[in-house]
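The two complexes that follow have chain A in common; it is paired with chain B in the first and with chain C in the second.
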Partner chain A sequence: MKRELLAIGIVVLILFGLPVGAFIYQRQQTSSDSTKRVIIIQATVPEAGGFQPSAIKVNAGETVTLRFSSMDVTHGIAIGPGLGIDLGHVDPGHVKEVTVTFDKAGTYTFYCNTWCSPDHWRMRGIVEVTDPDNPDAIPIAYHDPIIERLVAEGVNIDANVTMGMADHPQPDVLTFDQPPSIEKGNILAATLSIPEELSDAEWRLTHTPMEGLELLADKNPSNSMNDLIHVIAYLWVSDTRFEAIQWAENYFNQNCAACHGQTGDGNGPAANQTAESPVAFGDAAYMFGMRSDVLYAKIRRGGMGTDMPNFGTLLTPEETLKLVSYLWQLAFLAPNSGIE
Partner chain B sequence: MIKSQRINVFQHVPFLRGILKSRLFQPVLTLTTLFFFTLAIVTGLFGTPVGNRNFGIVFVWIVWWGLLIILLVPFLGRLWCAACPIPVPGEWLQRRGIINRRQGRLSTLRWKFPKRLRNMWLQNFGFLGIAIFSAIILTRPEVSAWLLLGFSLIGIVLSILYENRVFCRYVCPVGGFIGLYSLMAPIEVRVADPQVCATHTPKDCIIGNEYAYGCPWMVFPGTLERNTYCGMCMECIKACPKNNVVINLRPVGSDLMVAKERRLDEAYKAFIMLACALLYSAVLLGPWGWLKQWANMDTLPHWLIYAGVFLLANLLLLPGLFTLTALLSRRWGGVQVPLRQLVTDYAYTLVPLGLTAWIAFSFSLVFTNGSYAFGVLSDPFGWGWNLFGTTESAWTPFGSSLIPFLQTGILTAGMLFAVNTAYKIAGQHTPNPRQALRGMLPVAGFITSITFVFLWLYLG
Partner chain C sequence: MIHLQKLFGLLRQHGVILSGIILGVIVMTFPIPRLTDPQTRTITLDARQFEFAPHRIHINKGDRVIINFTASDVVHGFYLDGYGIQERVEPGVTKQIEIVAERTGKFRYRCSVSCGSLHPFMIGELVVGPNEPFWRAIAFVSVSVITLIAYQFFSKGTSYEHTTLGTSPA
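Right after this comes the complex of A and B.
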């Protein structure tokens, strides 16, 4: 009789103790340390629901562990803006976590940075960080001086080529007998008279290379247009830091290349799935009519009706400018700009 | 002559009888497997939906399947059925106990299981019904868990309605092919001397006694000649007051030559298992991604076409081709055996071929995917646990270069065994060896052709 009871006990233990024990263990795993909350976030492709949960509330100053697990395909997990958190790939069924303290109230975004599905760019969730002393406070709206200036100037950020600057028609020179060469431009720059505006990073931010080219041509009428183009290409990337480019290249490849192509040819593997053809940053002629601040605004706001997602909730302004710098690199170094 | 080829294991390992006579023998097995079974269901229902990170998928369809088809069935016949956790809750309810022999009749409604269903047809159609969904069942933990739970619930319901293991004997889709392929096993539960049973009227092994229940599988060991319906639960060893029931070692495939018990339902099981092995190899191991997607129900029309072709191949195409082969065999051999009997008899040549084909298929499945077991052992739910420090162990295919050789070897062995069996079966139809040889040639051709299709699928 004793062994029969023992057997019944074992059966009960298996049928009920095992699942209950598993759930208790899991609960302990996620809340073993009362000072450190563990939040489990399951990642599925956006078509199947994206992140679950997709919104998390955290108190400022609270340390939480965000534990991401992929439920279907390989995802990449990053959190921004300004946190520098990139967990890399999370393969199906695998789990990756990050322990983070959100110091300031505000909104952060966790997002997938690996092309996981046609709706990949929708795969985002938010961490809402509230001030525990003032939980009902509405975060102050972030002002972006670059975008505000563009709006005040009347620039149509959503326009495509030349950003609505009809008073700057593209001259024949943009056929580029020779592709723009940063190297040649570097050498030639020392021999030319460079207008003051072109040495000013702020001016270059708000003007197109085409406008720069006109100024440069006025100052150096004896030089060929090809030489001047080389110099403009050099000037537009001249004060870009190597580390910034490294970071931006990595970010571009993770988040932008699927549509815009790794070389900026506008022909990434997902290019044919977007509402409008992705812009080819490697097209130097296009980029000669483009402004850095407009690129910046497009990245941060996204492209209305184009399937270009907004990155303003993922990147800091500084990170966005790094990405813009990289787009100029693509324009003047990419294979389809003709430079080998 | 055949009997003389048996080795009574109890004579060489006397303590084994004591172990098998113990009422703890089967509960120890079933309680152990019940643990893993329960874990497989719970992880399937609540764990990650990613198959290769979920215990329910990895341990059931890779580890258990590999153990079953590569080791247990070929070497130990139906021993798995003694350890299987699926029917035990129902059996415990019937017996109102787990270990001890409770006196009195089994607690059931004592309905009579329909005579028309006392065969393998339910198991055949049940297996096919599951097989057409296999690409989904094998990869989706939740579906897999519901299937296992469903089996167990059906087992319980049948145990309430009928006495003994009706589920195992007539319904379990897995039990059907284990029974068929256990004909090949080099081990058997048999009586040492049938005369002892013939003269022993109480028949404790059927009705039970204070030490054991009557055979839950509803077979009489005294006349048992094949493994097919012996669940190796060892109740008869416990029950026999004469110690006349023994475990024998024997030549591989001995049961294939027992002519009088061959049946069309079993023959169809052989057809279905062979056709499924072929189709699974094509779907799961073949290079045709679209086929995998169709089987995976990427769209309903695709899956319907796939399921239709799958069922046609199993129920008509392969049996049809084999019937034509049998017709040719009858014409060449010049024997006067009814076609139905000829088809049924020769179908048993597909038992060694089918078993080795499944082993070859499973080599690829298990060796390639077995390493997933280390990860799910530490993190069975895919929740990020690391119980044994192996969660992040990388997927590492084992013996990739060895697999083709193993597959070729086992398939060749199966083919030769099948051809030899065909010759022996042909010999049962005619005493003339030349007639037998001519009669077996079309069957040998069929067997060889199928083997080459498998080799083509595996080796490319």
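Right after this comes the complex of A and C.
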């Protein structure tokens, strides 16, 4: 009789104790702290719905935990701009979470940073942070001095022509058979008289290397154009910081390499799926006709009709400039060195 | 003398089996000379839903293999049975995997990151040749079969002889 009671007790414990235990565990998981909100976000490829939910409303100053899980393939989760949150890969069956306090009212974007499908670049969600004292306030439009200056100058950011080439005819002797060498440029630069403009970072931001080359050639008529190319390459990467490159390389590999290629050859695995073939930043000849501020604007605004997504809602202006400096590295360093 | 005669008799009776066994042992233990020098090979291995390209890699024992591992659509992984090597690869970023083939045989590599509905079937093979266990097994089975057939053939002959001898008036 005693044994029978014990057996019944065990059965009851399993039948009722297990589900009750599971419920209690789940409650503890979701609301261990009642003041902290937990938002569960499920990630699927954009063809199947993308992030769900894809829009979150948060009060300024509120602390929320965003818990991400993947429903199909591996996704990468990052939140920007300026938050510096990168959760890395979220594999199906795994959960990653981050607890954030959104101090300022504004709009943030959480996005997938690992190529997951042909529509990967559409995979974005919004965190809308509203000020509880003033919930109807419309955030002030963000001013971008670099882009505004480009617009004022009349530069067509979407034009698919390389600038500088047309107004500054390319000298016949110029060849890019051998990629420009930073080392050679560094050595040569010491022996030349460098025009003032070229040492000015602000000037280099708004001009093409081709324009720089012409100025340099005017000052040093005795040197061959092909030698001067090395000097220009050296000058264009001269004030790049190592930390910036490290950050940008990682960001480029996560977000850009799938189309533009890891080495900037414009031939990533997804390159054949875009409306226009991706630009090859590793092509020094192309980059010699390109301006830093135009690259900056293209990254921030995206390319109209080219399938190049906008990164203005993901990156801060400083981060965008870091990325631009990495593109110059790709042009002048790859493939013969340094960068892997 | 009688022992020796007995032995010869046994040999005559079971010579086929005995030689078969000896041949079998030789086949299983004979050291196969190395035909090619170990070399370094570079292979590009592309992973996509739900296959590896190439799905079979042939190398020789002692070879150093550098695999440039790429993914075409989503994140994939590489896990090599018997070597315990694991890597994951994102589309666009090439990963380098180095393997020194110390063991011969056939080893499966499979995707180690859940990549979709048919993920469990995403398998490829690394064949480290010469595939000794395989060829030894083939040789051993052949020797056994030939021995059995031969034994059957010879023993039939013997039993026939026995019957003729037995019925003869001598």
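Note that in this section the second predicted complex is superposed on the first by the 296 of 340 C-alpha atoms of A that agree within 3 Å, B and C clash if a C-alpha of one lies under 4 Å from a C-alpha of the other, contacts with A are read in each partner's own complex, and residues count from 1 in each chain.
Convention: a contact is a pair of C-beta atoms (placed from the backbone, for glycine too) under 8 Å apart; a residue touches a chain by one contact, two chains touch by 3 or more.
Computed from a predicted structure; not experimentally measured.
Of the two partner chains, neither chain B nor chain C is touched by A:158. Looking at the shared chain after the overlay, A:47 reaches neither chain B nor chain C. Contact with chain B, but none with chain C, is seen for A:19 once the two complexes are overlaid on the shared chain. Of the two partner chains placed around the shared chain by superposition, neither chain B nor chain C is touched by A:62.
Looking at the shared chain after the overlay, A:119 reaches neither chain B nor chain C.
In the superposed model, A:3 lies in contact with chain B only, and not with chain C. Contact with chain C, but none with chain B, is seen for A:268 once the two complexes are overlaid on the shared chain.
Touch criterion met: A:92 reaches chain B and chain C at once. In the superposition on chain A, A:128 makes contact with neither chain B nor chain C. Under the contact criterion defined above, the residues of chain A that touch both chain B in one complex and chain C in the other are 72, 92-93.
Of all residues in chain A, those touching chain B in their complex are 1, 3-4, 7-8, 10-11, 14-15, 18-19, 22, 25-26, 29, 40, 67, 69-72, 92-95, 97.
Contact residues on chain B toward chain A in their complex (touch as defined above): 24, 27, 31, 34-35, 38-39, 42, 46, 48-54, 92, 97-100, 379-385, 392. Of all residues in chain C, those touching chain A in their complex are 70-75, 88, 90-94, 113-116. Those residues of chain A lying in contact with chain C across their complex are 72-74, 76, 89, 91-93, 114-117, 253-254, 256-259, 261-262, 268-270.
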